[in-house]
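We call the chains A, B, C and D, going by the order they appear; numbering starts again at 1 in every chain.
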Amino acid sequence: MKLPRLLLPLFGLLAAVATATPAYDFYICANINRNYVIGSKIVTTNGIFQRTDEGGWRHFGYNDTSITAVAFDPRDRNVIYTTALNGLWRSLDGGATWRICNGWDMTEGREVAVDPNAPDHVYVAFTDGIAVSTDRAQTLVRREHGLPERGKFTQTIKVDHTRAGRVLAGCEVGIFLTEDGAQNWRRVHATTDTVNDLQQSPHDPKVWVAATQSAGALISRDGGLTWTPFSGVPTERALYNVTFDVTNPDRLAIGSWAHGVLTTEDGGKTWTSRNAGLPENPRVWRVGVDPAGRLYASVFQETLFHSDDFGRTWHPNDLAGSLVNYFFTLPKAAN
Amino acid sequence: MKASHFFRSAPALLLAVTLSAQPSFEGPAPVVTSVPAEDQRLAAYHARVDEVLQWRAGRVDLNNIPGTMDMASISILLTLGRDIEACNERVLQMMAEPGTGPFWMFPAVCVAFTGRELLSPEARASIREAWRTTRQLRGDTENHWVMYYASLYLMSELYPNEPAETWYTGRSSEENLAEAREWLIHWMDTTTTVGQGEFNTTHYIGEYAIPMLFMATWAKDPAMKQRGRMMLDWMFAELAAVSLNGVLRGPNARSDEGSVIERWNALASYFSWLLFGNTPAPQHYGGWGLYFAPMAKNYVLPEVIHRIAVERDGDYVQRDRARTRRFWRYSDVLSPPVYKTNYLRHDYAVGSTQGIVNDVIQAHVWDVTWREEDPRGKHPTMFSLHPHSSGRMMQAQFATHPEPMPVGVTFEGKPSYDSPDKVLGGSPYEKVFQDLDTVIALYDIAPGERFEHINGFFSKDLCDLTEDASGWIFARGGNAYLAYRPLAPYHWIPYLHYKGGWAKVRDDLGGQVLTSPHLKNGTIVQAAGADEFESFEAFKAAMRALPLEFKLEPVPSVRFTTLRGKNVAFTYGETPVVDGVPLDYAKWKLFEGPYLNAEVGGRKLTVTHGRLQRVLDFNTLTIKDSVRE
Amino acid sequence: MKKLIIPFLLLAVLVSAQPSFTGPMLAPPADTRPDTLRRAYHTRVDETLDWYLNAVDAAKPLTREQALVKLVRGQDATAVSQRIIELLSVPQSGDMFWMFPWTAMAFTGRDQLSPEARAAIREAWRTYFPMRGDTENHWVMYYASLFLMTELYPDDPGETWFNGKSSAENHAEAKGFLLHWMDLATTIGQGEFNATHYIGEYAIPMLYLAAWAEDPAMRQRGRMMLDLLMAELADNSLHGVLRGPNARTDDTSVLERWNALATYFSWAMYGHTPPPSGYGGWGIYFAVAAHHYQPPPLFHLIATDREFDREQHDHKRSRRRWRYSDVEMMPVYKTGYIRRDYAVGSYQGGVTDPIQAHVWDVTWREDDPRGVHNTMFSVHPHASARVLQMYFTEYPDWMIDLLASQGKPSYGVADKILGCSPYEQVFQDLDTVIALYAIAPGENFQRVNGFFSRNLRDVTEDASGWIFARGGNAYLAYRPLAPYTWDDLLGYRQLPRGDSGYVWERFRPEGPVDRILVSPHANNGTIVQAASADEFESFEAFQAAIRALPLEFTLEPRPTVKFTTLRGKKVAFTYGETPVVNGRPVDYARWKLFEGPHLNAELGSRKITISHGRQHRVLDFNTVTTSDYVTP
Amino acid sequence: MKKKYPAIPLLLILTGLLAGATPVHDLYLFGAVNIAGRVAGSRDVAKNGVYGRQADGSFAHRGINYPAMLTGSFDPRDSQVFHVAALCGVMTTTDGGHTWRIGTRWDMTEPKSVMVDPNAPDTVYAALPDGLGVSTDRGHSWSRHENGLPERGKYTQVVTVDRTQAGRVFAGSETGIYLTEDAAHNWRRVFPAVDTVTDIRQSPHDPKHWLAVSQSAGALVSRDGGLTWTPLTGIPDQQALYNVAFDPTRAGRIAIASWSLGLLTSEDDGATWVFRNDGLPEKHHVWRAAVDPDNGRLYAAIDGGALYGSDDFGRTWRSLGMEDSRIQSLVFVPCAQR
């Protein structure tokens, strides 16, 4: 599937939402092979799916049950990065062929992020630290100066799309910031358990939110320098991820195994549990909002649900039995 | 994708094909007390290999190729040089939808190499193509990586000089070969300096031995071939030294619900049967054992190792160091050291670690296991444990969220992980000390843990089980006398047996579990040989007379004079003291005992038995065999 | 004088599957991974065993070999037991050649034979009195067999053994000799080095020790000595064919270099040349235990890798001398230069073994060496009772007659091409050999014979004095230093007389005949220079190059040569003096036990390193240790 | 079966008996038949080793078939006990040759002759190709006693004990005749030679009178008990002389055997010599000569031929059997000792 090269800054294009044909491409990384374990036979197709205009899901790339995140080179949609069990994979031809970018000294990539202002730079979160590439992942080098020797399990990494080299990472012992392309890291918020997700607001680059395992959800209004908890969000159970609604600055959603889906429509002042219509014992693995404001929730051992009323009512989707590890939005590729 | 599994029930291709010769796993238990003369020793080994090859080849039905030919049987037929056309046909079928992951990779390598001259060009091309089209998951566990990288190494050597786009990795043959070689050397370096990660595994021994046999046979680079051969010696020397009459017992870095109780019923017994001939082969040769057979004749078990397994002159203590699985989180050390103690006697063996969580799944910390003439179906073991199920501990060693794994693994070959009456697994709240055939296990379970009790396993095969007024529970196991002292009140629940990790149902075969619902707890076990006492009563009297003081608050603490006259003082969380001298873990060697010796960091193992000695020196890749005049 | 020659038991038996010795020429397998090599090796061993089994004729009683092979295969133990009792019910003979076959029978059958058959074998070691012999290989067979039988029956008193010594005494004595022999071989070198036939008489006993010795040290020593023998065979053979120098060979295989028992071992071990017919007769006794041995892949590479030229210098020793010598054993300085198309080998001349020695030759590669006399050399035909007395405890005058009757017909004849002489001194530098002769007056015979094979092509006696010829893909230049004539080399045909005595007659074989250059001059010399055809435009170009080589020589008062070799070496060599190369005299004192790309050992070290590329095996007899290692 | 007999000088018994009376001595032959081409490993068709003379004068093989026995020396106390020099070492029998024990080990081989010290019959001497072995326990164990022999040149073909004095022994070797007078603790050379001294005999008539033959120094005589030796004129010295024998029944009569020369006799105590080959086979390769102490009969063993006897000291011969044989030695043992 060869995509034409498109050189557009990612978010600058937030034109009004076209209800008819969406102005965005919407991707998920999903494992559909229930209870897969190394050695059992894969009977389904897993990996990256792109939503089709008809609302279905089209798989591309390898059949890999372990893909945890995906990112694209903003300049060329054919350059795709995915993190997975083996580490970081890269495709230069839209997913037809791939290359493993790390050796044996890195494994189990958790998330990958491309610096929109320095698109050759790729940042990867690993179970034992952070690696960076400055050559489109042809080579990968650990850059962990400032991370603690123990406690640098990194679940999430996001690049501040306002300034090259400014990156936030969610680790076992807190949120870490670099402003020099990962030459140096410093902790900006301490936690005792893993920071599971970091998101930069598509509406106000200064606004960042985080979902953590035992410190609830956090918000920063100064570009991630300081963080304060959302009071309305419970802290004792793990929050798996958090997402903005690209169509409405006041709407956010949180996914959690224990709490299911939590949403706010007032910028986080109040949060409501939106599990009615989902299977009981919600076990939400991941939430996402597509560019049309549709809210998705992937439920463990169930399927992918979507809601067009931001969680009040839910509908099972046709990606039955899927477990979505990642939602990703990109402006529509001009073909 | 999270936890690995290995011992699936043997591939379901086994048809009731009539068999002329009775396979060993149905025959009588071998009685072996000495190693036969060298020529007969090798001939007997080859005969056992041939038995496996013929057994599996006998099960192939050419009228039902898809139903009876897996990659094991294809490799075996190629090794025997027969039914080549059927092999070609089946290879093409299987490569049409290649599997992924290490458990597909090494069987595919086995077919590629056993068929490198016999398979048709199309069949060989189809195997090669699968390595372009199918992304191979590398897995998250040490044994996965050994299989993954040995397979990638060999395929890259078999097809050198091929560009990146012809490999699923997107890397050239040379890049793949270099990466594989580097990791294999790194793994061997780690294993020969600070110890095996998955030590004494009852099933995953096959996932190390088979790839190493393939390297020792097919690696072109002489250094890697030599390394494969040396690692085989290293692993089988350890199996020989810590098996009791061919049966591997605890401690095991990894075991499973079936073999932690029915100690013989494990793939390790296949290797004991094949190499030492001193225990029955497991059913269908353990399934995976079939992949060791095709090239088995290219490995000659050194006589010194064979003698260690079969000819023990007297009781002996073997102290070794191993390491835990690496901790991604919640640990100051990536791979903390495991201090193993094994005491082997004729009638029983006692083994333990210091009570660390070496692996969050399927670990087994300590037990007393007694000898059974025919171990099949027997549960010849006794131990206690804290049944620990914790999402946090899963997160320590797996890149996962806290909630999914405790339940998830129960569908992935670890059915008992989250069961209160489980008998498999380690716990951060268990500390163990062993001196010869005395084990003291202390527990200080944090409130709020999933299960706030300890379980003690009492086998169906115990005789004269009596709860003595003294507080000791006495029993006889085989020719061993056992005394189990629970340090807190308890009650009995029935023991329900899982035949193996993939068993769906639990069988009531007898036996019971002592369960003691108290956070601060402890177990003392003392074993002895029946021949040491006039009678069982005499043993009981001796046990009652042993000075014992213990308290559970604020933390469990024991002062006990063992049956062997050692004064042991052991408090939870503190270093045990024996005869006034605190145990010095710092001086614990990589291997130390009458048969195996190695310094930590030395990369050199000396294997000795009588006048025979083999030295495996990874510094110079030297295997040195010498005989004292 | 009990000189030994192995009576070739050419068993005329019908054959079903085509044995390799009648099959097509073999090429070494391309894939040298251990599983391929292992399977090929065991297939060849089984072929040898099957050849004997297929020859079993229900109507005829089993031969000893057939009985043994049946035991190896675990077949018909009852019939074999019965046959063994029959075989042993008559007076025995064969001496040490009886001992190791019956040792093999005893061990192979120890769990299969009936008690009566086992008792019959044991009894034969009381009633039959085998000779120990007077030669090194006899003793190795004798004592290895005695060592093993006294392990099998460890506590028997003296009267139950033929020699009146108890099991313990015999065992200690056998061990004493075996250690002494291994000591000699690993300090100053093999006595019967590169023996084209007697390699079997060393390899078979060592294999039996390696397979059946209970004492782990002796078992390991047996394996180590077998390793050494097979590694040396690999190193010294040209595509599987062992060539000179040979401490011992015979009239046939000194010419038809492939036709020797050593070729059985090359075939069995490395599979790159056809085995001799009937697997050399004795091959079966190796095959019956060969499944307990596995030649390391390293040896296979040494045997088959002929990519680059290689020089090997080894130190050997002569047979021990009883008389007429200041030293018990003359040191032998052996040189080998092996290339893809030919090999040149020699030792410094003099008498290593008075019978069946072969001092030097150039041997070229043949695509199929069977029946080809692919060699060239010269020799002083020497027959001397005194030299015989040096090595044998016999009276002087009658031995020469006797030798002919003991299977060595060519000892006492002038046109002989087998043997060595105290009046020959040889120097070799790479593929140049200079042999100088100063035959003492009165010595038999006052001439030098140069062997010119019937398989040579374009033999031309050039005006320059050189004789040029082509052998296979090799160019040869032979320079006789004294006048000569040509004779046809007549063959020997054995006439049937008596059971154990040989009587021979000379006959002229049909077809092209080998010739000998006869130079009837006491002071004499030969220079041979070899080259590969690929090194020259044409044969003429080679000839021109040879003619251009500076050469001065005189024969009086003693032969002396100054010659610049084809490889540009300035060699000065005078009979009785140390050769000088490019101005520096050869320093024999620094000659190592083994020195070359594949085999290395210091004199006196008892430690031999066998290498190919990064793979090494060290045999250390000081500590009875075998080490395999790989260099980065 | 041990019998104690005083060491009676051999000569005394002999003179009392004349030929034709029942023999005072037994005759043992050591050698092999059908020897042509016999090598280690070939099929044995005949009986080899020890032959005893029967009452009818024929010879019967006894004991084991061993083709490489050279000579034997009998224990004066019991003729059932004798020691044989054989290819495999010194073999000792205590039952007249039915069972044997090889006393030497691997470090001694191919003894060429062996002799018991009549005055110290537990002591046996053996001539070795690389020196000299001594047993002081009736052949059960052996050790080398070569002090005084040269490092090289100590090939020893014959060892002969002086019957008048225990421990006084002569050795005929490659470099001459050596004497010891202290049971081989020390040797000294009494006659230098460049080739092997093949035989040394003490006159049965005069213990001071010794004869020796050699490979290239002809025959030698000593009148002073072997201290000094002078060549016997009249005997060629270019060919090897194999052995020499006194006639115990008549002083002055001597016979010498030679493969090349045939048989030579002297009837004037060695002053003159005459060839006695007429009547012997045309090639007359005489391997061994001997004289019967009972009747003075002269024996000549022809190599590859038969054993011939002459009752007129060599003038006429007749075959006594043992066709196609090689008889290495003839040994006469007083019957009384049986």
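What we mean here is this: a residue touches a chain if its C-beta (ideal position, glycine included) is under 8 Å from a C-beta of that chain, and two chains touch if they have at least 3 such contacts.
As the structure is a prediction and not an experimental result, all values here were calculated from the model.
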Of C-D and B-C, whichever chain pair has more C-beta contact pairs:
C-D
Starting from the mean Cα coordinates of chain B and chain D, work out the distance between those two points in Å.
77
At what distance in angstrom does the C-alpha mean of chain D lie from that of chain C?
39
At what distance in angstrom does the C-alpha mean of chain C lie from that of chain B?
52
Please categorise the chain-chain contact pattern as a line, ring, star, complete graph or other.
line
Checked against the stated definition, the touching pairs are A-B, B-C, C-D
Tell me, which parts of chain C touch chain D in their complex?
2-7, 91, 93-98, 127, 129, 131-135, 138-139, 143, 158-159, 162-165, 173-174, 176-177, 180, 320, 322-328, 389, 393, 395-398, 402, 405-407, 498-503
Show which residues of chain B lie in contact with chain C when the two form their complex.
37-40, 42-43, 46, 113-114, 116-117, 216-218, 220, 222-223, 225-226, 295, 297-298, 300, 303, 610-612, 617, 620-629
Contact residues on chain B for chain A in the complex?
1-6, 8, 99-104, 134-141, 144-145, 149, 164-165, 168-171, 179-180, 182-183, 186, 328-334, 395, 399, 401-404, 408, 411-413
The chain D residues in contact with chain C across the complex are 34, 36-45, 64-68, 87-89, 91-92, 99-102, 105-107, 109-110, 112, 129-130, 152-153, 155, 157, 174, 196, 198, 215, 239-240, 242, 259-260, 285, 303
Going by the contact rule at the top, pick out the chain A residues touching chain B in the complex.
31, 35-42, 62-66, 85-86, 89-90, 97-100, 103-104, 107-108, 110, 127-128, 150-151, 153, 155, 172, 194, 196, 213, 238, 240, 257-258, 283, 300
